[in-house]
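Following this line, the structures themselves.
In the two complexes below, chain A is the common chain; its partner is chain B in one and chain C in the other.
Entry: the complex of A and B
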């Protein structure tokens, strides 16, 4: 049974500079044993840098790394016993699939019989048991990444490091393989750090998601907590809040959005009365009301897309950008493009950000 | 789109090219088979080659030098270019420029200057030539390796191998060299042919190798010298064919029929 209590990996105060550019500063992260942590953030925020530093591919940095109670700061990559899966295809082109998976055991001088057995097991686990004798270029992108995963797991790594392993694959394969990664990770109980810029991917696979911005960890929480309580406008914008509506602070803790006054959520920081702000409102936090309801705003429906149980509308509300509104498809059935629609913000509080 | 060349024109170009390249070779071959003075053809000029006393001696010297040149290239130039790609990306331009220098520096200065830089015991041995041949072939070997290394995701492969527990040396021999095998073969082939044909520098330093010897003995026998040239040419072709077929054989024995991909 896997217990997620003890700390497997502890990064403290990691900093990394490229010349005068700080790729990472004051980055600290603990990962529990058997846990899958996803690092989420836009391109260039330092995700790969964290992964490379933990994997020992980049030894020039400040701060300490402790894995399973041992300080491994400065230890080169080949001594760390961490499996890595890269964004780009990284299989050794001249070796068969089987030889690729066995490589880590071969350099550890494991006997032929034993490594054959292990590679067969792992290839079975990623559903490629029949492709052991193929060469990498004979496999699809998804298959290649599955072999890369098997190869990384063959050495029974202390930590598994995945750097946007799915970003080169097409959408359908991406979902399929991320589920496989999660299944295998749970099965083997491997402590894992998974880097991605895809919010949905991070939420789908991780025990905890860490949102990164400009070389720092903004927030790390379970997917549900992160979604419901983003602690900064940046984190909020990264977990599905798309509407930025011009608003104004009116009295302490109150904000006027469109024709309505609602509370400001506690994380927004102090702002003065009359300050111009933007309110961040989720598409699902609008409610369709009758035109004469107080506080409602009426606008014109410009786009409509059916998403199964939900329907997404784009509504002109007299502000520069279209407001994106999700309604249940049964509510939205009667609405057509060109209709006028009255809305209120249904959530008790909203997050605001400086303009 | 309109086709640029009609197929008739293509064949004409091909024919002209063939005449241009094949005709001199065929003529030389015919010439080399003529009997001295009189009419008719025979292998006399070829048997003359083998009757020359230092023939096999000099052939052996040149073969040894070629092998040594290839070995030095493999042990120094290949890892150096690989290292340049992995760690020294920002110096790549500089080294690309430096690698051209052996073509630009006059052979005389190279010969005298570089010889002075070598330790005494190497200066006194004919094997010093192998080091010169390595330098002379660098503009070609460097380029070939450069192209080969650029065609693979080198950095990722190295990092994958290192993270799996391999040392840098193991990574080079087990992963990188096999991945760029054809570029390495091409570089070695270039080093071998260049060293096998080098004349100017060798004669400047007063060593006798196969090409120097050919020039000397052929001064007394025109037909014999042509036979010698044909002999070298055919020898080089044979070498090329052997290297190529060994390579195709190896890669064919490894590949497999492609199956449906997910």
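Entry: the complex of A and C
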């Protein structure tokens, strides 16, 4: 296990404007040596902008970049020694797979023999040892991305930058390759910034996940902390809390959701008695109970989809939107669409947001 | 013709596809095209070929072809090939550079230039020749203007009624044609290549030498071959501009048709010359097809 103490990358107060549009605003981020940080956020929130600024492809910005103790602000991309992997189609189409991988070494005037040896090792690492002589168009999308990864790693980069490297692939390959990326990243100990809009992906690969919103970092924490303790409703909505249930503050630190009173874990507004709020409740934080249990709410099951160990139900609970409820498939087996179902919120506290 | 070939190059830019057309089912919609193609293209060529080997007496013979290999007519072929070669190289280079510039400019600029190219690429012929005479002739506006500021082109032996004059005139439809057919190939260039190259430490020159030029070369070659064949078959512009000053195959055929009464083998010499042109064009098209295939692999 690599100890992640030393700071490898430090972005301070980065700002970027396109005309009057602020793509990034006061963005600061430290990445420890050997760490993999994922930036997670909706399209247009500035993820790519951060990556390009760190990679030196965009030099017009405010703020400072320090890598391994050296201020590299303003240094052009070709001097930064950072490997980049793009969404798709970034391999040089006129070169074979091994020539692609060797590109950075050729630039560095490494001898042909040594280049071949290094590219063979790297291709072996991404399980493409036998495809060195192929042309990029002869490979599948997933294979192409693995070559792109090998090419970026060939220069032993100070930092590896990945911009949604899996978004052009189909679901199954996506999972497989993200695991490979993580394995190789740990093996090589490469400090990595991984950009994605896919929550599951970010959680699966990263040491820490940074949630971005409108050009700012909302929260950066380990996947577990982020999941269990999202600090803002926006972060919460990005880590799987989908139900927004109208609720009302009742006394300090308490909220009434449907027929039930629960503690409030997080609320940015004032705890005024009677204040109208929305409670954020995860689908898995409901429990099926008998109809006469106090605090329970009864509704009608409208949708049901089987997801293997879990079954997702859509329940009509007398509020405008359907409430999404996850039950274990064994519990859900006897429930059919049209049945009535009584539920309570099972978590001790919930996050609350202003309406 | 231009549009058809332009589409062919367009397909290379999309880099996939093409294989579907090869299936048998894909040919059914091509039936009307095949009929028109046969009627206006295959059949006339066949007729010309038949005439070229049919003497005035109705007997088959290769007399006309024997004439083809005499000095005067070889000279015409040489002139045509030379003119096509130089105008394709010149216009290809200039057109590619303009296309490159267009590719990087704003979208409104792009649509203006591609529209202008579309018009100019088809603006050959007599009007173009007269436009040129008005501008670049001995008494042409631009020539007189240059004279006023002390540059006397004609004094230095320049004339548009010459080989180099023709190269310049041809450029006027060849350059726009190049822009039209080469722009799609440029559009296929991904900015990720440049950025990946840069992040791997390469200079701009290394990127050009190792990536951009090799990637674009096949499409560039295909486009240039297209210019070659367009120049090779151009007739009206050359005819209006230089008449008989420069010996070119289409002009020779024209003068034969115009009715210098010919006898014996010369009666079907025009047909033989035309077959010669068809053969050369076919060879060029084979190379064109090969470079397109090469480009498609990019």
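Here are a few things to note about the model shown:
Note that the second predicted complex is superposed on the first by the 349 of 355 C-alpha atoms of A that agree within 3 Å, B and C clash if a C-alpha of one lies under 4 Å from a C-alpha of the other, contacts with A are read in each partner's own complex, and residues count from 1 in each chain.
The criterion applied here is as follows: a contact is a pair of C-beta atoms (placed from the backbone, for glycine too) under 8 Å apart; a residue touches a chain by one contact, two chains touch by 3 or more.
Small disclaimer: the values here were computed from a predicted structure and weren't measured.
Considered on the superposed chain A, chain B and chain C are sterically incompatible, since they clash. Once the two complexes are overlaid on the shared chain, A:173 sits against chain B while remaining clear of chain C.
In the superposed model, A:194 lies in contact with neither chain B nor chain C.
In the superposition on chain A, contact of A:81 is made with both chain B and chain C. Of the two partner chains placed around the shared chain by superposition, neither chain B nor chain C is touched by A:234. When the two complexes are overlaid on their common chain A, residue A:57 makes contact with chain B and with chain C alike. Contacts of A:93 after superposition: both chain B and chain C are touched. Applying the stated contact rule after C-alpha superposition, one finds that A:134 touches chain B and leaves chain C untouched.
Residues 55-57, 76-84, 86, 89-90, 92-95, 103-104, 107-108, 135, 148, 151-152, 155, 161 of chain A are contacted both by chain B in one complex and by chain C in the other.
The touching residues of chain B, when paired with chain A in their complex, are 152-153, 156-157, 159-167, 170, 174-175, 178-179, 181, 254-256, 258-259, 261-262.
Put simply, chain C touches chain A in their complex at residues 15, 190, 192-193, 195-203, 206, 210-211, 214-215, 297-298. Of all the residues in chain A, the ones that touch chain B in their complex are 55-57, 76-84, 86, 88-90, 92-96, 103-104, 107-108, 131, 133-135, 138-140, 142-143, 148, 151-152, 155, 161, 173.
Chain A meets chain C in the complex at residues 55-57, 76-84, 86-87, 89-95, 103-104, 106-108, 135, 137, 148, 151-152, 155, 161.
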